[in-house]
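Structures for review follow.
Both complexes shown next keep subunit A, but they swap its partner, so subunit B is in the first and subunit C is in the second.
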Partner chain A sequence: MATLSVTRPKKSRTLTAVMALYLLYTLVPLMWLVINATKTQASLFSTSGLSFGGPFALFDNIAQTFTYNNGIFFRWLGNTLLYVVVGAGGATILATAAGYGLAKYRFPGRRAVFAVVLGAVAVPATALAVPTFLMFSKLGLTNTPLAIIIPSLISPFGLYLIWVYAADAIPDELLEAARIDGAGEFRIFLTVTLRQLVPGIVTVALFTVVQTWNNYFLPLIMLSEPKWYPLTVGLNQWSAQANGAGAQPIFNLVLTGSLLTIIPLVLAFLLMQRFWQSGLSAGSVKQ
Partner chain B sequence: MSRIRSRAKAFAAVALAAALAAGCSSGSSSGPAAATGTQDSVDAALKAGGEITYWSWTPSAKDQVAAFEKEYPNVKVNYVNAGTNKDEYTKLQNAIKAGSGAPDVAQIEYYALPQFALTDSLADLNQFGFGSFEKDYSASTWAQVKNGNGIYGLPQDSGPMALFYNKEVFDKNAIAVPKTWDEYIAAAKKLHAADPTKYITSDTGDPGFVLSMIWQAGGRPFAVDGRNVKVNLADAGTKKWTAMWDQLIQGKQLAPVKEWSDDWFRALGDGTISSLVTGAWMPGNFISSVPGGAGKWAVAPMPTYDGKPVTSENGGSTQSVLKQSKNPALAAAFVRWLNHGGGVQPFIKSGGFPSTTADLGAPAFVDQAVPYFGGQKVNEVLTQASKDVAPGWTYLPYQTYANSVFSDTAGKAYLNGTGLDAGLAAWQQAIVDYGNQQGFTVSAG
Partner chain C sequence: MTSTAAPPVAAPARPAPPARRRRRNWRGWLFVAPFMLVFALTFIAPVVYAFVLSLFRDQAFFGGTVFVGADNYAQVLADPKFWESFQRVLVFLAVQVPIMLLLALVAALAIDSARLHAAGFFRIVIFLPYAVPAVVAALMWGFIYGDHFGLAADLNHLLGTDAVKPLSQNWLLTSIGNVVTWEFVGYNMLIFYSALKVIPKELFEAAAIDGAGAFRTIVSVKLPAIRGAIVIATIFSIIGSFQLFNEPNIMRNLVPNVIGTFYTPNMYAYNLSFAGQQYNYSATVAIVMGVITAVIAYVVQLRGTRKGM
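Right after this comes the complex of A and B.
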């Protein structure tokens, strides 16, 4: 260990250039979105994409986005929030409980569960959408919010993350100590484990929130009534209005709506990232 | 239990096939054609009232439904915009597979209709006597809603192809309106050489456009007989088109702008794209979405290969009654009203191009001078085009899938300049493979 000296790593010009390019690649679409959300439909068609032009119409656009088509955007926002809070929230709770259980308890069939969960991680959700639709149709649940919420509750990847995290982060000794002190298993979970798991839980919550927020294909297939659409499907419907005979393009509203749609996600990241960082560094040092 | 049910299903299928065969043979041999009914049940259903669900994305749908409910207060129509074209078809297909959840009436584009008709998902409107409406529609649109002896919808709009061009740009560069494709290619070169920022048109590989162009050139790449499909994307007509269009692609004479994008609307407004070969429904879109082009654009007949007028259809929709409907007679009544009654006028008003001969011939429609087009009587050109549509076209029974893989196969010709023939051959391969996997008997050539 002594041979390792603590010097500052050398700066690499190539790496800096690559990073700068990557930053540009990430930021340009966002810039484009912000710039174009300030334009009216007419100036969107008459000015260049990467420069401001025409009247500054951002607030107008926001007002229009919320009022267009009897304020359906507001309803879509509410739907998305409902799916995220109940779906992603539920997924996080289930993944936490199940992941912890699998990591810390020995019971028959544990390996089988492990294999199933790993297998489930590998299956893309898109591939399951149509079979899920047929199943839900038999149950009479299509075209209801439950058709989005129930599939969102399952997050094999989240479960796997918590499992791996719990195996490392919670010493068995701690649980044994709690048991000797007379705590029941449920109380141990609530008072001892949960606190230890916070970084892991936040990570899973972020993943499931982003996944549910951006979920497109499942609601597209499940829902046929616009009043249950989440933002993703609704905005796409607005965008599709520009297509073909009788086209009514409202690109300005699509752009403004997209901008409004990503703001809550950005906020969620800003608020939760410190937990996330502490989570990612867990296990990197020896206690 | 399930085995019994599947056996019953198999039996039903055999019985149906036998009935179909009987129907076909009697139809071909001078006997009575397909089973036809009368409109009595439709009128009765309308009187009795009820509730139906309608899927559509037509901009005029809301007004039409309101007008219908006003005229028939005891009928309630649940209008749902379930998504535009492909999105709606995906949902329809799923609902059909699941056996529930489909609407009573759905808007379906002509190119997608055979797919739903062939899978026995739509009601044959002959049972309500709608076959007698044939004389009221342009021949090209009626042919689109017919499949075998069945009628699976009443035509809503029509899209005979025409040439839209930017008169200002043409005049400035001393370009005459091209009557033949040779002149069109010459105009493309002249224009781009004189002003490198301007292009004659744009095309990034749109299967609907490609098929319309092949149709006009005399190509008939698809032949369908029940579950037997023949595909030949290298017939004489198709090759005529590829030889012509390749000159534009390989000469880099096409603006690389995706159709229906914001860039595209911008390019139409500022003259970057100076002409457009497209369906007769386009004027409404110009007026609502290309304000910058007002007073500059004009309409002319579609260029041809030999100067003789001939055109084809692009786009267009019908409204069909789903087999799943619990009240097919009422659903049919709504369809009749939409496209053979009070629904037609609101549709024309919203900028749609009708398919009913009475409206196509009405002086108020034909002689209307449109200010956007510098006062030109554009409908004069467009109604003539609807009469010049070449007959005998057929779409694939799984055209939506074929279109979805167009850019992966034929689309490469646009990017690499490998030639449309090679691209279409790759598309054909994909079409044949998929069709055979789906239980069709597809042969190439």
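Right after this comes the complex of A and C.
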């Protein structure tokens, strides 16, 4: 068959080699971070960037990172987890329900909801941040976890994903069959819809978790007390402290802290990605 | 095959399936209302509030605010600081976005081509930087650029020069472009890749029967098929460029004299609010940028979807 050569062409070493070069670009900075997180403050300055040097201080650095300034890093880690679990978790739930509602129901105002939400994707989130800060300040919400959690609850992109996914993945016949069986709308959502939507939901969760974990601008403006900082804002404060006037040389803590900030997310991503892939293939077979 | 489709991120926007003669009723609101409630609080209310703020001005000495109509807007449009920062992100947009999207497209086509060894591994690793917070990426690259213990210093040492200066005035915007490219190629690659995955196989068979080679198939079949994804990625990238804040703001710690308070429009709005207490003017800058961004995104969407459809 002529199609065989198209669908199963030979592997190309040249292409793989060229792509490997790009891979190097992706990986070198991360390797640099791992290598330099193993160095003491002194050997950071005295050894070359891409070679291990001096005493192996990774574990010492980790211990210092967690104990420095009464263990504030630990607190920042806890804050980040709180924002991610409640914020990204809530965003996934809201986007799932709303995306499904938009895909599978005709209701008055549906077109308006579309227009407003998709229009909002084009509005720069950062352009909203300052007015949101002023408004939250009037409401007395700044400097509280709610100032981070409430804006994190909305993911227009997540809503869009679920809408597109639900339109394809949930046959109307299935819903009608459930209705004929006498199930209420909410019950259908919980027992029929959610299962069909799993791959889409995992994808949305993946993106909202990454976004909330990595969020910097919002907490930067909303929070003035370090005790509510997430890791991102805390790390930058350490960096400013290491660079600014009367600097305290804590570069080793900034580097180790950065590494520690990446690891959970990379792990979560790798784990979720497997699930998300198997979920997707299952979803496509079912059709 | 074990390689499975990535998320439907890039599925081109399509209208919802035809209503199966369902009665119009309000049940759908049951699911949409919670989202819309929070949405109103976090999107609609701030936009309205920003607009109201932009119509007033603080009377520094007399206390209270006065209504000034469009005065703040006139001031923004005549503000050299605003235009300088705007020009900077425009240059950034014109150079960085095409490079990033081209790299992402090549990577997606390569991974999708089935000619690559260990394609799954490539896909995961190239996407990986997206999982790195902008703060960490900027800190990390900032150190790498630096002449204290970075790779720039090593390179200079090796070459016996001091020519490599990524943090100098002339190179800084390029250096920031490199960080942003590093962070987002993988994300865009995934958008393109998932769009490539859903192209009907019959199209390739037809192309093969017509005698199209790999390159011809890419140009005539694959690229037109993922046009929607390319438009979406372009729009997101434009929005991202106009919003540029995190990377320059973090690198400001390293080079405060190179990166000023109005390096990008967003940094300008931020500094007006939090260093200058000029909330009304800051809200105006934010609105002007929002409108410019929305208009450009809209034009790109129109042009992108009209051609070749």
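Throughout what follows, the second predicted complex is superposed on the first by the 260 of 287 C-alpha atoms of A that agree within 3 Å, B and C clash if a C-alpha of one lies under 4 Å from a C-alpha of the other, contacts with A are read in each partner's own complex, and residues count from 1 in each chain.
The rule is short, and it goes like this: a contact is a pair of C-beta atoms (placed from the backbone, for glycine too) under 8 Å apart; a residue touches a chain by one contact, two chains touch by 3 or more.
All figures in this text were calculated on a predicted structure; none of them were measured in a lab.
**Student:** Answer with clash or fit: subunit B and subunit C placed together on subunit A by superposition.
**Tutor:** Aligned through their shared chain, the two binders clash on subunit A.
**Student:** Is A:Ala42 in contact with subunit B, with subunit C, with both, or with neither (first, second, both, neither)?
**Tutor:** first
**Student:** Report for A:Leu58: first if it touches subunit B alone, second if subunit C alone, otherwise both or neither.
**Tutor:** neither
**Student:** Just checking: does A:Leu82 make contact with subunit B only, subunit C only, both, or neither of them? Give me first, second, both or neither.
**Tutor:** neither
**Student:** With both complexes overlaid on chain A, does A:Pro226 touch subunit B (first), subunit C (second), both or neither?
**Tutor:** A:Pro226 sits against subunit B, while subunit C stays out of touch.
**Student:** Between subunit B (first) and subunit C (second), which, if any, makes contact with A:Leu146: first, second, both or neither?
**Tutor:** After superposition on chain A, A:Leu146 lies in contact with neither partner.
**Student:** After superposing on the shared chain, does subunit C or subunit B touch more subunit A residues?
**Tutor:** Of the two chains, more subunit A residues are contacted by C.
**Student:** By the touch definition at the top of the document, which applies to A:Thr203: first (subunit B), second (subunit C), both, or neither?
**Tutor:** second
**Student:** Return first, second, both or neither, reflecting whether A:Val192 touches subunit B, subunit C, both chains, or no partner chain.
**Tutor:** neither
**Student:** Who does A:Phe133 touch here: subunit B (first), subunit C (second), both, or neither?
**Tutor:** Once the two structures are laid over each other on A, A:Phe133 reaches both partners.
**Student:** What is the contact status of A:Met272 with respect to subunit B (first) and subunit C (second): first, second, both, or neither?
**Tutor:** neither
**Student:** Following superposition on chain A, which residues of subunit A contact subunit B and also contact subunit C?
**Tutor:** 44-45, 49, 130, 133-134, 221, 236, 240, 243-244, 251.
**Student:** In their shared complex, at which residues does subunit B touch subunit A?
**Tutor:** Residue positions touching the partner: 55, 57-60, 80-85, 87, 90-91, 94-95, 97-101, 103, 157, 159, 260-263, 265-266, 269-270, 279, 281-282, 284-285, 288-292, 315-317, 350-353.
**Student:** For the complex, give me every residue of subunit A touching subunit B.
**Tutor:** The touching residues are 42, 44-46, 49, 130, 133-134, 137-138, 140, 142-143, 220-221, 224-226, 236-237, 240-249, 251.
**Student:** Using the touch definition up top, name the residues of subunit C that touch subunit A in the complex.
**Tutor:** 4-9, 11, 13-14, 16-17, 19-20, 22, 24-32, 34-36, 38-39, 41-47, 49-50, 53, 103, 107, 110, 113-118, 122, 124-126, 128-137, 139-141, 143-144, 148-151, 153-154, 157, 182, 185-186, 201, 204-205, 207-209, 214, 217, 235, 239, 242-243, 245-246, 250, 253-254, 266, 269-270, 273-274, 279, 282-283, 286-287, 289-290, 293-294, 297-298
**Student:** Please give the residue numbers of subunit A that touch subunit C in the complex, ascending.
**Tutor:** Residues 2-3, 5-13, 15-16, 18-19, 22-23, 25-27, 29-30, 32-33, 36, 44-45, 47-50, 94-95, 97-98, 100-110, 113, 116-117, 119-120, 122-128, 130-135, 150-151, 153-154, 156, 159, 161, 163-165, 167-168, 172, 176, 185-186, 189, 199-200, 203, 206, 210, 213-214, 216-217, 221, 231-233, 235-236, 239-240, 243-244, 251, 254-255, 258, 261-262, 265-266, 269-270, 273, 276-278, 280-281, 284 of subunit A touch subunit C in their complex.
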